[in-house]
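A, B, C and D label the chains in the order they appear, each numbered from 1.
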Amino acid sequence: MAATQVGRGTVTGGEDRRAQYRSVREQTLSLCASLQIEDYGLQAMPEVSPVRWHLAHTTWYFETFVLRVFDSAYRSPHPAYEQLFNSYYNGVGDPYPRPQRGWLSRPTTAEVLDYRAHVDAAVDRLLQSPVRDADLLQRLVLGLHHEQQHQELILTDLKYNFSHNPLFPEYAPCPSAEVATAVPDQHFRTFPAGCHEIGHGGSDFSFDNERPRHQVYLEAWQIADRPVTNREYKAFIADGGYRRPELWLADGWTECQAAGWEAPLYWVRRDRADLYYTLAGLREVEPDAPVCHVSYYEADAYARWAGARLPLEAEWEVAASQLPVDGNFVESGRLQPAPARPGIGPRQYFGDTWEWTASPYQPYPGYRPFEAELGEYNGKFMCNQMVLRGGSCVTPAGHVRPSYRNFFYPRDRWQFSGIRLASGPAPE
Amino acid sequence: MAATQVGRGTVTGGEDRRAQYRSVREQTLSLCASLQIEDYGLQAMPEVSPVRWHLAHTTWYFETFVLRVFDSAYRSPHPAYEQLFNSYYNGVGDPYPRPQRGWLSRPTTAEVLDYRAHVDAAVDRLLQSPVRDADLLQRLVLGLHHEQQHQELILTDLKYNFSHNPLFPEYAPCPSAEVATAVPDQHFRTFPAGCHEIGHGGSDFSFDNERPRHQVYLEAWQIADRPVTNREYKAFIADGGYRRPELWLADGWTECQAAGWEAPLYWVRRDRADLYYTLAGLREVEPDAPVCHVSYYEADAYARWAGARLPLEAEWEVAASQLPVDGNFVESGRLQPAPARPGIGPRQYFGDTWEWTASPYQPYPGYRPFEAELGEYNGKFMCNQMVLRGGSCVTPAGHVRPSYRNFFYPRDRWQFSGIRLASGPAPE
Amino acid sequence: MAATQVGRGTVTGGEDRRAQYRSVREQTLSLCASLQIEDYGLQAMPEVSPVRWHLAHTTWYFETFVLRVFDSAYRSPHPAYEQLFNSYYNGVGDPYPRPQRGWLSRPTTAEVLDYRAHVDAAVDRLLQSPVRDADLLQRLVLGLHHEQQHQELILTDLKYNFSHNPLFPEYAPCPSAEVATAVPDQHFRTFPAGCHEIGHGGSDFSFDNERPRHQVYLEAWQIADRPVTNREYKAFIADGGYRRPELWLADGWTECQAAGWEAPLYWVRRDRADLYYTLAGLREVEPDAPVCHVSYYEADAYARWAGARLPLEAEWEVAASQLPVDGNFVESGRLQPAPARPGIGPRQYFGDTWEWTASPYQPYPGYRPFEAELGEYNGKFMCNQMVLRGGSCVTPAGHVRPSYRNFFYPRDRWQFSGIRLASGPAPE
Amino acid sequence: MAATQVGRGTVTGGEDRRAQYRSVREQTLSLCASLQIEDYGLQAMPEVSPVRWHLAHTTWYFETFVLRVFDSAYRSPHPAYEQLFNSYYNGVGDPYPRPQRGWLSRPTTAEVLDYRAHVDAAVDRLLQSPVRDADLLQRLVLGLHHEQQHQELILTDLKYNFSHNPLFPEYAPCPSAEVATAVPDQHFRTFPAGCHEIGHGGSDFSFDNERPRHQVYLEAWQIADRPVTNREYKAFIADGGYRRPELWLADGWTECQAAGWEAPLYWVRRDRADLYYTLAGLREVEPDAPVCHVSYYEADAYARWAGARLPLEAEWEVAASQLPVDGNFVESGRLQPAPARPGIGPRQYFGDTWEWTASPYQPYPGYRPFEAELGEYNGKFMCNQMVLRGGSCVTPAGHVRPSYRNFFYPRDRWQFSGIRLASGPAPE
């Protein structure tokens, strides 16, 4: 039987599994080290959740999908938690309304930390017993990947929530930008037409939406070796990018007009300088860093302006599949995308920013959801959203894979989402 | 020159004035003694504010309207506070958007308490100097009444915010209801037609909206000697009160339908019992206590159903003007309206619940707003709102007067608002 | 027994009554003479109704409140009309949703005209029989006044609906403005403090909301002898009237900002000239004509800017009660307010524009609604609206009285509503 | 050079081309033969347009894209038409707001018919001249297909608009349902895995979105030989289909809850019978006819409930590409989907109902939009919508092709949209 991989490690036995669980769970708490109690409760739009809720919900996962199933002696600290910290699993019950998560001051942060400790202790006991059940192991591993997804959301949501405060709070004193080195020109690499395989096929962990591995026919295409930079994006703005409907999808133009977009999210203009809010506070826009916090609509409009297009997710995956999964992940502490290093060759496929693809989020042929209530994990969202690839500067290292599919609505901008260009085939 | 009264005391000299300031300011903090840090930030609708914001805004009042004007050496802890804690004074600047007050985790509660201490020290220093300026004194006294208004709002807003939490947090273990004594039948007292005087005419403190004292001609009227009880209101519900449009104002019926009202705010039905959320948690509805948390629309519909009407504010004031300003105020610690005591005679005009009157909130003839930016305190709200009288069980004792005019929109229900009936004159 | 007056005539016997009915009903149709079939169906906001609906609803009145009650042999052309053309009488049944009246192409205009003829014939037959029932007569007369109200609404609603068409349709070639004569300066007339009587007391017709006649105590006041002109209002605009929150009520400022008001409704700026849409098409703003199509909020802000205030409805009625009810009514064919004629003395109280008063629409003491379902005619709207007085250039002559109370929400602008200033008493 | 096909005819020379133009344009008018003038103006939601607007907009197409380009002597009847009847071509100018098309009573229907005649005469003159310009011909042919699309919309929009009228107007006395014959059981036909070609490759007419013809790799699949019937769909309803979130996509469930869906659009329940509104008025639901007026969300939920899925558009096209393009189109006059005829083999791929596919509307590889302003025809809508295939009972015969791609939002229900099931490949 194949090993089950979480993060960068490989689970080979009971001890490792307990250590791995502890490690991932502690990593979540370490993200909160600089927070004030007040920060844990913020929710400035329905799509984001308070940090406290993230801490509780990831715990609820293990309580609901592991302990309640495999540990008959387990008792929850409070019966109301089942509803309060259910995100969207209708199979489990009626979740507390998502837009109101910010209205919950109780349980307090201390009580939620107690809840975490209570569940962690129970899981640890369960893992000390000789584990025979493959399902338990799968649910546990899934829970750790789930926890890592919420680690990223803790940071993206916090950034959004903080950004509405005129004090522009500093989450962490991120390392200042390295001395500027010339970012290499953008080059395109060509791939041939034909049948390619994409998706996750191995026995190690993946989400259900990455499976099965399957063939897809692609025409010849070209794909840029690095993401679009802020400097390049500013040329689009300067050229009237936000005022020219012919560059936009119809729904994108409607959104742009209604929301009054004039630049990526978090950009503010002060005294003729472009600044943006970062997790280290307000800073000058770095011209050579990849543009970030753009919607699919903006990415698509930029690509059209540039005479290019966004890559299909299959094109992206084929191009990325032989590259090392290295990059500017959350562990770098930068928490902003970094300028490309000099040199040649493909870069920044992983980390820095998620990259919008031109592919709607749909099931692969033969897709089979996780079982039971966990079937709601991914499958029911396969409509109206677009696939993003590659992870970002707030993704935990080891969490992403070439086959990893993230997905958001085309209007969403609060994720660390950027742009890589593609082109071809030549029109008919 | 007349003494300036705040609360129950009378200001006669510098020492008393400093003590009085300290006393009112400390009373605000004492209301927060049982709160968790997490509770200070909640805002579950635009109309309510977080406790932390109330603590800062009342401080901002003294900083803006006293210290900045009379103490040239005063320095604010942070320049952004001027905008962040401005409620609605356009004359001072552009206030931070009201619906987003719950999105501010910074300044933290501790920092806001420091802000309070900083301003309190500066005010105390200012009051130690020989005060000659009558304007300073007036602004100071107004600030203390303003602080008392926010003391009440801290409790009404907190109740609203807590009510959305399925854990139904307990703010305080309020004394349980006294042993039920038969509430006396409702009797009506008759007043004769003629010219009556209402409004505040003395030199002691009142808000600008209570002035000037003036004549009003009233037809003969009758007014109930006690408020409507929960028991009586339940008869209205049982008789289809919430399903019969003929009992309602047109706008009220629209609101009732749109919001799905079936009972007063905070009532929940569980296992065939009527419960309501109180600041002591979920409790059974007390049949003999005055009905509370009804909108003007519900009060009006109830009165129509009962063959009566709501009193005009002038009728109420004439009836109340000779009564002692005693009652169930916040100091009782009950934090819920209490059943009427046995006996005869008018009762519960003051405390327990604010009483909706049939009078729109309009300026009195010859009304003159407070001066300068403080002119925005009351006058600009004199449209679309209805007058309530008498204070409630969360009003500080000594804060209300017979001439005191509170005002809310006819749809509002989160205040401790109840019903006193009136009737007459006989129709034409 | 007193005669029952409708319009300008006095009903003294059967023949006159039939003629009067015919006359009022025909007047409604004559307003439609210039319309295309397409025009009858427009509804550009929920508050306005299509002309076809007005034609049917006024007919429905006589069918529902006269024929169904007093003519047992009467048969309706279609059972669905009871619901379709019920405006808001919940006592009659569930009305067809108001915002969807524009979605009804059937019954066609021709069918609605047949419906009118059908009902008119039945009413005529009923009136030929010896009428004994005073209730029938009252309902009939009320129906004719009701019809006249809808005559005005046909024009105000049509103007609103037409105004959204870039072709700016011409309803009628109204007489062009007379040669400009100097409009007299604005003078104020003073009235003494004391008890005054207002309201309708006689036995001739009035709406229930004008009764009973009653005393009201008023402080001394002054009231302008003519309305505010466009020229004066443009000075307010030029002085930043729409950009200065200190001039506005809080709710008014919110509405002004949200709706982007910069001038009265129907004003458009083209090539540096101020034009407005009139029922004769787009025309230049006439500087000397009374300003029109302003909301209560704008009227109130203008008055504050001018150092004055709006009159109370009692002040207006006392001032107007001795004046002849003459003026620029719909019969003039002008369909726009006209400049004041030279000379001195009070003018334009009646006709030209409805005048916003500072009085919320509330019941008079001892108010008794019409009986049965007709009780819904006026009473249930006595909340959130403001009283307007005096009629307008689209009101039928003979329809208004000094005691006549019209009422609209403070944000409403599509009525022919203008401004007359008042002042006093001197502040305390 | 290949002939250019429109509808069923083939354009081979000038005379034919003129006749063809006349024929398609007259067909549009013939759809309006039974309408009342009042019916031409209805718009009951922003997504539908008034019939009068359709008549004008299709004319505007020829004026804007043919006459203004190729006939320098052409003069428009009114300069405002350019804006009024522009649908969404930002390249042409600022269109009149779509949600307000129902607010235009002018130009009247007669004036719009004059506009049509004016443009038709000019086009006819242009076609009489020796035509050399291939671009003119292409734009003309595109205009005729465009006109046919609006012929269908005239009926779908009219049905929607009429459905809100409690009189349930009859558009036409459609032939009553044939005597019921047993509808054959649903069988599935299997297709093998491999590379297939889809898309339009010939030189005859297609929309840009059908091109280029290209390869796509498909796993083996099965597809039903007939659509889902009302009888089958009622079993889904009876089994709680509208109350079980586990059957729905997340966005679909949100929409279902918010809109209160309980059955397909137009179904009403009366006296325990299921009726639906048809263009012939209210009728009993025909159990054997294909279910119609379901959203993508309902189609998807039904498929999941049935243990199947919806077909990809490529699967559908491969299955349909060898079948004759016959079926129940608008010319049958039925205007409702008809029960399948007995027998075996694939049926009803064309006509009856559009069939939702599981494919988001995206560009084909190498997609090239039409040129100039016509580039806005299709491309800018390639986001957030789903592809439907096959035409419906209100589509003109000859308008659709196997490669034809229709597209609507997944929540849309007012088109004649139904369900064909697919399955396979077996999950991993």
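By our rule, a residue touches a chain if its C-beta (ideal position, glycine included) is under 8 Å from a C-beta of that chain, and two chains touch if they have at least 3 such contacts.
Here the structure is a predicted model, which is why all the values come from computation and not from measurement.
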Message: Among the chains here, which has the CA centroid at the largest distance from subunit A's centroid?
response: C
- line: Chain centres from averaged Cα atoms put subunit A and subunit D apart, in whole Å, by 38
- line: Rounded to the nearest Å, the gap between Cα centres of subunit A and subunit C is 59
Query: So, what's the distance in Å between the C-alpha centres of subunit D and subunit C?
result: 47
Task: Would you mind listing the residues of subunit B that make contact with two or more other chains?
output: none
Message: Going by the touch definition at the top, which pairs of chains touch each other?
response: A-B, A-D, B-C, C-D
Field: subunit A-facing residues of subunit B, complex
entry: 36-42, 44, 52, 78, 80, 83-84, 96, 100, 102-109, 161-162, 164-167, 169
Message: Which residues of subunit A touch subunit D once you look at their complex with the stated criterion?
response: 88, 90-91, 195, 211-212, 214-219, 245-246, 248-253, 296-297, 300, 358-360, 362, 365-368, 375-376, 380-384, 410, 425-428
